[in-house]
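Encoded as structure tokens, here's the structure I'll be asking about.
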């Protein structure tokens, strides 16, 4: 039998013993699992960045994927499990961080609220559901416990929405949004790559990006940084299925004063 | 047979190749082990912080737990193994970092000094016993080598004491000590949670914390940050069995000028 | 059968989801592998530092070792596999980072260029060959795919040279080079330890280090930091088979203004 894969994502920072404790809890329940870190360097409480990282689960094997970016822990927010059409189980808070990932994995097949105390670690910390609720659920699922046993089924329409939607083509432009600014100051936009062909953009086409306050940036649509000179802006497919706006060897975010969450309207020049 | 668990804790910082080398050495000896990182972001040479992190081994499965916070490496300090009543083996320097963990795991059952060169990696680096002494010992124990084979038994009274003791109730107050200041400036105190009920403290009781130099801070005893306003101090159980003094969305350490190691006397108001 | 070991080294920084994605790809192909991080904190694009870290593969079990320090990704640089005499497979870009490691593992036995698209992950990102080319190759090798199937054999003389050679003894001096400055400001030199006995240096001998611009530093040859006073320079064997020049509790690099890549001529005093 293939060893199950459990992945962990959080905003704890990699220097936290909380990650080690979550791995210990997972392996105590599911000792043959491969437990891997997907990402622990998410900005604190940044649901948009967390959602985008969870989308990259598509590069992992079908498995049990936990997200602990959870500003609402200790409040009434629900703990949930989503089964995807690809066969994964996504486990985390019902705050939208799992929704976009579920879509990239074929869509939600079933969702339940985790309420059965039998499947939690006790005492349940009021502020660390990662260790006491989410990871035990993922590990137990990997051992064969059925999703129905964790609690009541939820309709998808009841779940908290994703922190961002998909870019659309309207008014002769791509209507997009910045969903992440990475450590290099590069913007990640909510544009999946098929949007570009639908909008009729080819390599080296020149585009105009307009941000709030009418800041306009002109940039070519290219494949890689080296396609423009040092210090020049560019827009290109990123490594994980979306689009990035960057400056070759520079910071787009700092140079043009753009932050995560801003709208970006893109037109052909 | 269940796969053995080996955990690694150090002050190397996560960006160090030393961690990868220790994992390689462990897996070379014990290829079926689950080797996990508990924590590598401990402040350099901070025995108190290391001791507190090792206490969280109780959240891991029974296993082989190595601590490499070792300012005395290269001197006459001993290398030791402690077998706990829970069944774990703790491996590291005899500088106190393993003692409090052993207590949280049921107590020390047996301790030996590691002196048998047969069970070390050669040449033994004078400054990296983690790789050449501690990790080989943990991995060999996980493969069935008996603790007695590593060297002479030590009496517990011979071992270097823990860097902190337990808080006590005396003179109408809890006599405690700051054992860690975390990255948010929150203080961790050496108060296990049963002390609070023994001292008769209930939720929302107001307490007065007195630090050296007579600095006094008033704070309620609560469950979570959200129980006080932003910028307000609080005192509450932490996630790992002790107590923290924090400011909601602020730094207790900076605001009140408190450092790790300071005494803290707590009275009811 | 022993579980295969796959190690990952990069300049991504540990907070990157790219590492998690590479692990996922590896485990999808080779689910029984132990996939470990050797080091992800290498300075961006620093081939010399990467080469030195890859040398420490000798502390890992015989396995499949991937290096993703790859400033030339997206250009014509080759992707390669080297089989070492010890039995390891080194996988990465043909930019010199694997050469010194191969030498420490007994030498190159065979090298091939990776060109067979059947063994890549598609679509191949133009900027992330770690995930789409190198890791799939390592994982497939661990599952028994033969090195010949990946592409044409390369002669060693065709491969890009290592970023540094070995120190030599000439003109009554050791002619060496700084190959890394670590986070403490300690210099790592390209001097393997046998050079010292060949040059006739014994413990506590006083040496003179001369850097470009005729900066001269006098330091004893010792075993460990504690052999000199605080603030004093020293030169000693490092933990991984080379030599370091350091200041006890200080930064050699800052104090004397020395950078990675500089020449260092060492004479007896």
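Per-chain residue numbering starts at 1, and chain names A, B and C are given in the order in which the chains are listed.
The working rule: contacts are C-beta pairs under 8 Å (C-beta built on N, C-alpha and C of every residue); 3 or more make two chains touch, one makes a residue touch a chain.
Computed from a predicted model, the values in this text were never measured in an experiment.
Visitor: I'd like the angle of the rotation relating chain B and chain C after CA superposition, in degrees, nearest 5.
Guide: Rounded to 5 degrees, the superposing rotation is 120 degrees.
Visitor: Is it true that over half of the residue numbers where chain A touches chain B are used by both copies, so same, or is it different?
Guide: At the contact between chain A and chain B, which are copies of one sequence, the residues are largely different (under half shared).
Visitor: Based only on mean CA positions, could you tell me how far chain A sits from chain B in angstrom?
Guide: Using C-alpha averages as centres, the distance is 33 Å.
Visitor: Return the residues of chain A touching two or more other chains; collapse runs of consecutive numbers into ranges.
Guide: Counting only residues that touch two or more other chains, chain A contributes 13-14.
Visitor: For a test of understanding, state which residues of chain C touch chain A in their complex under the given definition.
Guide: 13-21, 23-25, 27-28, 31-32, 35, 74-75, 125-128, 131
Visitor: Where on chain C is chain B touching in the complex?
Guide: Residue positions touching the partner: 2-3, 5, 7, 9, 13-14, 34, 36-41, 53, 56, 59-61, 183, 223-226, 239-240.
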